[in-house]
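Pasting a structure here, questions to come.
Going by the order they are written in, the chains are A, B, C, D, E and F; count residues from 1 in each one.
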Amino acid sequence: MRNSLREERFSIETTIVNILIIILISVGVIFSAVTALGLVRLPDVYTRTHAASKSSTLGVMCILGGTFIHFWLLEDHFNPQLVIAIAFLFITSPVAGHLIGRASYMSGIPLAEETVRDDMKIAIEKKKGEQK
Amino acid sequence: MEIIMSVVIGFLFMAAVYLMLSKSLIRIIIGTGLLSHGAHLLILTMGGLGGTAPPVVADGVSISDYVDPLPQALILTAIVISFAVTSFFLVLAYRSYQELGTDNVNLMRGTEDND
Amino acid sequence: MINLLLFPVLIPLLFAAILLFFPKNIRMQRTFAAIGAGLALVAVLFLIAKVKTDGIQAVTLGSWDAPFGITMVSDLFSALLVLSATIITLFIIFYSFPTIGAEREQSFYYPAVLFLLTGVNGAFTTGDIFNLFVFFEVLLMSSYMLIVHGGEKPQLRETIKYLLVNVISSALFVSAVAFLYSVTGTLNMADLAVKIPQIEATGILTVIAVMFLMVFGFKAAIFPLYFWLPGAYHAPPTPILALFGALLTKVGVYAIMRTYTLFFTMNTDFTHELLAIIAILTILAGCIGALAYFDVKKIIIYNIIIAVGVILFGVSQLNEAGVDGAIFYLIHDMLIKAALFFLVGIVAVIFGTSNLRQMGGLMKTHPFLGWVYLITAFGLAGIPPLSGFPGKLLIVQGGFEGPHFWGSIVVLATSLLVLLSAIRIFIYAFWGEPVETVPLKKSTYRQMLIPSVLLVAITVFIGVGAELFMPLINGAGEVLLNPSIYIDAVLKE
Amino acid sequence: MMTFYWVSLLVISFAFSGLLYRLVKGPTVADRVVALDALGVALVSIVALLSLIIGTEFFLEIILLLSILSFIGTTAFAKFIERGEIFDRNNNR
Amino acid sequence: MRTNDVMLQTATKVVTFIILMFAVHIFFAGHYTPGGGFVGGLLTASAIVLLMLAYDIETVKKIIPFNYVMMTATGLLLALGTASASIFFNVPFFTHAYDYFDLPLWGKTSLHSAALFDLGVYLVVVGVTMTIIQTIGEDE
Amino acid sequence: MSLVFLIFLPIIAALFIPLLFKKIGQIHTGWFVLVVPVILFIYYATLLPTTMDGGTRVSEFQWIPSLDISFIAYLDGLSLLFSLLITGIGSLVVLYSVFYLDKKREQLHNFYVYLLMFMTAMLGIVQSDHLITLYLFWELTSISSFLLIGYWYTRDRSRFGALKSMMITVFGGLMMLGGFVLLSIMGNTYSIRELISQAPELLGHEFFTWALVLILLGAFTKSAQFPFYIWLPDAMEAPTPVSAYLHSATMVKAGLYLVARFTPIFAASGTWVWLVTGIGLFTMFWGSFFALKQKDLKGILAFSTVSQLGLIMSLLGASALGFHVEDAAGTVFKYAAFAAIFHLVNHAVFKGSLFMIAGIVDHETGTRDIRKLGGLMSIMPISFTIAMIGSFSMAGIPLFGGFLSKEMFLTAMLAIAEFDLFSMDVWGILFPVLAWIGSVFTFVYSFYFVFHTFAGKHKPEELPKHAHEAPIGMLVSPAILAVSVIAIFFIPNVVGDWLVKPAVLAIQPFMYSNPEEIDIHVSAWHGANTEFFMTLGIFAIGALLFWSFRKWKQAYDAFPDSVSLNRLYDSFMYLSDGGANRFSAVYMTGFIRSYLVYMFGFVVLIVLSTLVITDAFVLDLSNTAPIGIYEIIILIALVGGTITILAAKSRLTAIIALGAVGYSVALFFVIFRAPDLALTQLVIETISVALFLLAFYHLPKVSKKEERMGFKLGNAAIALGVGITMTLVALASHSQKILPSISEYYKETVYSEAGGGNIVNVILVDYRGFDTLFEITVLGIAGIAIISMIKLRLNKKEGQHENK
C-alpha cells in the first residue's frame, strides 16, 4: 500500500535508484561468484585466503550497499545497522584473512608447488636467530 | 515443503542416532547436536510453514498472514536449553578425558565389582 | 493468595539463587538451604489445606486466559506429591550435613538440591505440556550436576550415559510435543483434554500417546528403557542417590499418570493395555536386578524399578481401586526409598563398602539401626500395617477388578522377591558373624540416624494412620478418574 | 526487480555450494576455516537478498550479527590452528 | 614461537565497541523487533570473548572485574523478582504492567516491566556464558 | 474388656520387655512374660460357656474405615479353641523357656519380644473376622517366626532356616491375600461371616476357583503341606521352646485354622475336597515316611509334625464332604470335622511335650543326634516317661488321647472310599490305604524317637556333656502336657463338649445350629469293625518294621538328596542370586551402545507398530507450503553437512561441518520467517563451536581403529529405523492438523493487550514468560554445574563413602 503510493510519485527517481541497486548488487554477486571460483580452483590455502578475504569482502559490501539503498530510498527505512555492518566488514575481513594466513603458515601447511617466493620463512629465521 | 522437511528431519535424526551409537565421545556429542537441530526443525515444521510475514506486528497494523509464532517461541526455549546441555556435555567429555584417559565410551563400562 | 500454589516452586528457586552469592560459607549454605526447604514445606501444607477445602487451585500466569498463557494447577494429587518431594528434600538436606563433605558443600551442592526441588515441584504442578518439558529440564540439569558432583571416576563415567539417555528423551519429548501441537493446536493440558475427544482420528493420537509414554518412560525407567538407571544411580554419594531414587523417576511416573488419565484416554484398549504389559515387564526386570547384585545400593536401586512397575500397573487399570492404590503407593514409595537409601548409606559408611559379602553382625553393635532397617524393609515389601500395604492392596484389587488377573498375581508374587532382596541385606549385614567396621564418630552417626529414623517414622505413620490420608488419596484419585473436574477448574467455564 | 533479486540469489547460492565444496573437501583444516569464513560472508549476502525478496527489514539485524560472529569464529579458529588453544591465560608470561 | 597480535588487538578495540553497542540496541529493540535479552546477552558475551581472544584471560579479568556467578544469580533474582511483584498485588504471578510516560529529553516512552524481566535474562545469559568460557579457559 | 484390644495385649507388653531386661537383670525376664499368656488364658477360659451354647462374641476396632478395613475380633468355638491353645501352650512354653534359656548368655529381651509379638499375631489370626487384618496377623506370624528361627543369628543354619521359612510362608501369605481380595470382590465385603452367609452365590463366580486355590496355597505353606513342608525341618534351628510353640502347636496350625474357617465357603466345590484331602493325606504319608530318615531328634519331630498336620488337613477335607450329601448330620462325615479338631488338640498337647523333651535331651546331653544318643532311660527317668506318653499318643496306642482321634480318622477315610461323588469311587480306595500306610510309619517313628533315645546302650563318650536329669522347673511344662494326654483319653467327651463341638459348629454351620445338636460320643471301644482291625494291623506291622528297622534302613538311600524338594528350593535361591546375576550380566553390559540399541529399538518397534495397528498414517498434500529453489539449495547444504559429519575422519572437520549444519538451520529459520530464531541460532551455533574447540583442545585424536562392520550395519539399521519413524509420524501428524492453533490469540492481542510488537519475544517474556524464567534457570544451573565440575575434584580414595 505504501509502496504503490510512493512509486507513483517518484517513479523516475525510483527507476534511477533501482538501476543503482542493480549495479551494486550485480557487482557484489559477481565478486561473490569469483570468490567461490577462487576458493574452488586456487591451489593452496594461502591463495585461497587471498580470494576469500578480498573479493568476498568487496562483494558483500556492494550487496549490503544495495540493500541499504533499497531500504533507505525505496522503503524510507534508514537502517544504521547496515552501515555499521559495512564498516564492520571493512575492518574485520582483512584481519581475519591475515590471521588465517599466518596461522596456516605457523602450523606448517605447505605452500603450493608453484610458489616462487617465501618471505615469511626468511623473517622467521631471522627472528629465531635474534632470540638465540 | 512440509513433506520434504519431514524427510530431512528424519534424515537428521538418523544421522544423529548413528553418531550416538558410535564409540567416540566426540561423535556422540555431535550426534546430540544434530538431534536437537532435528527436533527444532520438527517443531517449526509441525507449526506449519505457510505464513508469509514474520510474526512482528508493526504499529497497530495487523496482517493476517503471520507465521505461527508459538512454535518459534518454543524452539527458542528449546534452543537455549539444548545449548546449556551441550555445553555441559562438552565439559563433561573434557573432564572425563582428564580423569579416565579416554574418549572411547566402550572403555567406560564400569566394573560391576559388587555383584 | 491466588499464587499460593506457586510458592513450593518459587521458594526453593529464590533460596537457590540467594545461595549462589556465598558458595564458600558452609554454615550459611546449610542454614539457608534448610530454611528454604522448610518454608516450601510450610507453603505446601497451607496449599494442601486450601486444595482440600476449596478444590483444585489453578492460576493462569500473567493473567492470560487458560489455553493461551501457562496454567499452573494444583489438585490433591499434585499437591500430595509436592508435599512428599519437599519433605524428602528437607530430610536429605539434613542428612547431607554429616555425609556429603565440606568440599561438595562449598561447590554449590545445596543450590543444586534446591534447584532440583524447584524442577520436581514445578513438574508436579504445571498444567502445560511444554512447561512440563521446561521443568523436566530444570530437574535434569540439576541432576546432571549432582550426579557428577565431586568428579570421581565412576561418577563421570555414569554421567555420560545418564546425560546421553536424557538428551535423547528430551529430544523425543520436544518432538512429541510438536506432533501433539500439530494435531491439536494447543499445549494446555486441560485444553487438550477438551480438544482430544473432539478428534475422531484417534489413530495419530494413539501414536502420539505412545510416544509420550516412551518419553516419560525414559525418566520413569520402565522396561526396557531403564538400563541407564542402575549404573547412574550407583555412582553419586548416598544423599544424592536418595534424592534421585525418591524423586526423579517419580516425576516420570507422575507425568504418565497425569497424561494417561487426563487426556490420552481416547483409545484405552490399546494404550492402557500396552501400559499394563510394560508395567508387568518392568516389575519382572526390576526383580531380576534386585536379586542379582550383592551391593546394598544396587538392591535398593532396582527396587525403584519394581515400584515404578507396580504403580504403573495400578494406573493402567483406570479404575478407582487401581488409581487410588497407585497414588498411595507412589507417595509411600517416594518416602520409603529415601529412608532406605539413608539407612543403607549408614550401613555402607559403617562397613566402608557397599558390598554385601563384606558385611556382617551389625545387629550386635547397632541393634537400633537393624530394627529400623527391618521395619523399613517390611514396609517396602508391603507387609501390613506398614505404608506399602494399602497401596499394594488397592493395586491388586484394581487388577482383579480390571482385566488383568495375572498382572495382580505377578504384583503379589514379586512382593516376595522384593522382600527377599531387602531381607537379604538384613541377613547379610545385620546378622552373621561381625566383621571389622570403620570407626565412626558418635555424633556423626547420630546426625545420620536421626533424619533416617524420622523418615521411617513418617512412613510407618502413613501406613498405620492410613485412615488420615485416605480422604486425600481418594480426592486425588477422583480428579484423575474424572478429568472434567480438572478441566472445569482450569478453564473456569 | 524481483526477478533480478532471484537471479542474484541463485548465483550466490551456487557460489555458496562452491564454498561448501571447499569446506567438505579440505584438504587442510585451514582450508576449511577459510571456506567457513567465506561462507559466513556469503550468508550475509544471502540474508540481505532474502530480506529484499521478502520485503521486511526484520532480517537486517541478522546481517550485522552474522558478520560479527563470522569474525569471532574465524579468529577463534585461526588461533586454534596456530596455537592449539584459543585463550591465553596470560600473554605477558 | 610466539606471534604478536597487534593487528588483531587494534581491530578488536573498535570492533568490541561496535558489538557492545549493537548488543544494547538489540536488547532494547527486543520487544518490538527481533532481538531481546537472550541474543543481547550472547552478543555481549561474544564481545568479551573477542577481547579474550585478542588479549588474554588475566587482562580481560582486570578490565571487566565481574564475578559471573553472582551476575547469574542477580539475573535470576531480578527475573524472579519482576515476575513475583505481581504476588504483592494478588494478581496471577507474572502479570506484567506497562504504561507510557513522557520523559524529559527522551520523549514519549513505554516502560514495560517485561523489560526488567528481559534484563534478568540478559544478565543470566552473559553470566553463564562467561562462566563457562572462563572456567574452561582457565583450566590447565 | 474389649476382645479386640486383648489381641494386642502381648505386643503392648512386649514394649516393656527390653526395659525390664535391662533394669531388673537378676530376675529372669520370662517370669514377667509368663503373666501375659496366663491372664489371657484365664480370661478366654471364662468365655467357654458362651461358645458351648453356640454363642459368639464380636468386638470391632476401625483401622482404615475408608477402605473398610478394621480389626474385628470374633470369638466362636473354633476361635476360642485356638485362643486357648495359643495362650495355654504359650504359658507352658514361657515357663519352660525360663529354665531353658540362660538369663546371662542369651538376649532374652529379643526372644520374649518376638514371642509376645507372635502371640498377638496368632491370636489375631484366629480371632479376626476381617480378611485384611487376618492377612496382617498372618504375615506377622511369618515375621516373628523368621526372627525366632534366626534368634542365634550368627549361625549360618539359623539364617538359612529363617529365610527359608519366611520365603515359603510369605509366598503363601501373598497368594492368600490375592485370594482374599478376589473373595472380597466377589462378595463385596471383607467380613468372613458375611462371606459365609453368601456362600451359595459365590460358588458360580468366575473367580471362585482362583480364590480357592490361592487361599489354599496360603494354608498349605503355613501348615507345611506337601510340597511346601520343606521349611519346617530347617525351622528347627530355632530355640526349642520356639519349636514347641510355633512349629508344632500353634503357627503351623494357622493353615488348618484357615481351611476350617473357610470350609463353609468353599466346601461346595469338588476341587476343595480333592485338594485338601488329597494333599493332606499324601503329606501325612510323605512326612511319616521320611521322618525315619532323620538323624536329628527335632528333625524327626518336624517330619512327624508335617505328617500329623497332613492328617488333620485330610480330615478337614473330608468334613467338607458333609456339604455334598443329603442329611449330612446323619452320615459318618460328621465325624470328620470332630476328629479333625479333636486330633488338633491332641497333637498340640503331645507334640508340645515331645518337643520339650527333645529340648531337654539337647540341653542336658549337648546333642540331638539320635545316633549318639541311647540308654538315657536310667539317667533321665522322668523325661523318659513323658516322652513315652507323648510318643504312644502319637502312635495311637490305647490309654493315650491320640488313639481316639486316630480311630476316628480311619473311620472318616473309610467313609470316603465308599462315597461316590466326584468319581471318588475309582480313586477312593487310595484314601484308606494311604492313611493306613501313613499310620504304620507314624507308629514306627514314634517308637524310633523314644526308644533310640532312651533305650539301648548309653554312649557317654559321644556326648558333649555329661548327661543328667533336667532341673525340675524344666520338666513342669512337659509333665503338665503329658498328664493332659492321658486325661484326654479318659474324659474325651468333656473335651468334646467344651472345646471340640463348638468348633465343629464353625466348620459345618449348615448342619447344626447349636453345639448340643452334634450327636457324637467318643468312646475307646466301638466294636470290632474295620477300623479296629486296621489298628491292629498298624500295631503288628509297625512293631515288625520297628524291630527290623536296622535291616531296611538302607532303603532310604534310594532317595537321593539331589532330587529332593529342598534341592528345588536351593536352586530357586541360587537362581535368585547367582542365576539372576549371570542373566542380568547378559544384557546389563555396561556398554552405552547396547543400552541405546535396546532403547531405540524398543521405541521404534512400539511407535511403528502403533502406527500400523491404529492405521494412523495418512498423507495429505493439500495443506503444504510451496517449495522454493533456494530452500532446496539450503537443504542440500544441510544434508551435505550432515553427510560430511558422518564421513569425517578428523574431529575438526566434524565440528566445522556441524557448524555448517547449524548455519543452514539458521537459514531455514530466515526462510521460514523466524528472525528471532535465526539470530539466536546463529549466536548459539558460534558459541557452541567455540566451546567445542575449547574442549577439544584437550581431547585425543579420533582413534583410527574402525568399528566392526556388523556393529556398523546394526547401528545403521537402528538409525534408519529412528529416522523413518520420525518422518512417518511427522507426515502423519502434519496431514492430520485437525484443530486450529491457539496462536491466533497472540496475533490479535499482542499489540493491544501485551504492549509489544514482536510476538515471539512477547510470548517469551509475557504470555509464556514462565518458560523463560525456568529456561534461564536451566542455564544458570548449567553454569554452576560446569564450574563445580571443573573446580571440584575429589580423590576417589578418601571420598566414596564419606567416612571421615
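Criterion: a residue touches a chain if its C-beta (ideal position, glycine included) is under 8 Å from a C-beta of that chain, and two chains touch if they have at least 3 such contacts.
Note that this is a predicted model, so its numbers are computed, not measured.
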Report summary line: Every chain in contact with both chain B and chain D is listed here as E, F
**Report entry** Touch-network distance, chain D to chain E, counted in steps
**Finding:** 1
Query raised in the report: Among the chains, which one keeps its Cα centre farthest from the Cα centre of chain D?
Result: F
Query raised in the report: Looking at E-F and D-F, which pair shares more C-beta contacts?
Result: E-F
Requested in this report: Mind having a look at which chain is the central one, using mean CA positions?
Outcome: C
Query raised in the report: If every chain is reduced to the average of its C-alpha atoms, which one ends up farthest from chain A?
Result: F
Report task. Let me have the rounded angstrom distance from the C-alpha centre of chain B over to the C-alpha centre of chain F, please. Result -> 49
Report summary line: chain A and chain B have mean C-alpha positions lying a whole-number Å distance apart equal to 32
Report task. Averaged over CA atoms, how far is the centre of chain B from the centre of chain C? Could you give it in whole Å? Result -> 27
Report task. Calculate how many whole Å lie between the centre of chain C and the centre of chain E, each centre taken as the average of the chain's C-alpha atoms. Result -> 37
Query raised in the report: Going by the touch rule set out above, which residues of chain F reach two or more other chains?
Result: 581, 585, 588, 590, 592, 596, 600, 673, 675-676, 679-680, 683-684, 686-687, 690-691, 694-695, 726, 730, 733-734, 737, 741-743, 746, 757-758, 760, 764, 766-772, 775-782, 784-787, 789-791
Report task. At least two other chains touched by the same residue of chain B: list those residues. Result -> 20, 25, 38, 40, 42, 45-48, 52-54, 56, 70, 76-77, 80-81, 84-85, 87-88, 91-95, 105, 108, 110, 112, 115
Report task. Check each residue of chain E and list the ones that touch at least two other chains. Result -> 3, 8, 15, 18, 22, 26, 32-35, 38-39, 43, 46, 49, 69, 72-73, 76, 80, 93-94, 96, 128, 132-133, 136-137
Query raised in the report: Which two-chain combinations touch?
Result: A-D, A-E, B-C, B-D, B-E, B-F, C-E, C-F, D-E, D-F, E-F
Query - Contact set on chain A toward chain D in their complex - result: 18, 22, 25-26, 28-29, 32-33, 35-37, 39-40, 45, 48-49, 51-53, 56-57, 59-60, 63-64, 66-67, 70-71, 75, 77, 79, 81-82, 84-85, 88-89, 92-93, 95-97, 99-100, 102-104, 106-107, 109
Report task. Could you please specify the touching residues of chain F with respect to chain E in the complex? Result -> 675-676, 679-680, 683-684, 686-687, 690-691, 694-695, 754-758, 760-762, 764-766, 769-770, 772-773, 776-777, 779-780, 782-784, 786-787, 790-791
Report summary line: Within the complex, chain D is touched by chain E residues 3, 8, 15, 18-19, 22, 26, 29, 33-35, 39, 43, 46, 49-50, 52-59, 133, 137-138
Query raised in the report: Which positions of chain F touch chain B when the two form their complex?
Result: 581, 585, 588-593, 596-597, 600, 619, 621, 623-628, 631-632, 635, 638-639, 642-643, 645-646, 651, 654-655, 658, 661-662, 665, 668-669, 672-677, 680-681, 684, 687-688, 691-692, 694-696, 698-700, 702-703, 707, 715-716, 718-720, 722-728, 730-731, 733-734, 737, 741-743, 746-748, 750-751, 757-760, 763-764, 767-768, 771-772, 775-776, 778-779, 781-782, 785-786, 789-790
Query - In the complex with chain E, residue positions of chain C that touch it - result: 1-3, 6, 10, 13-14, 17-18, 20-21, 23, 59-63, 72
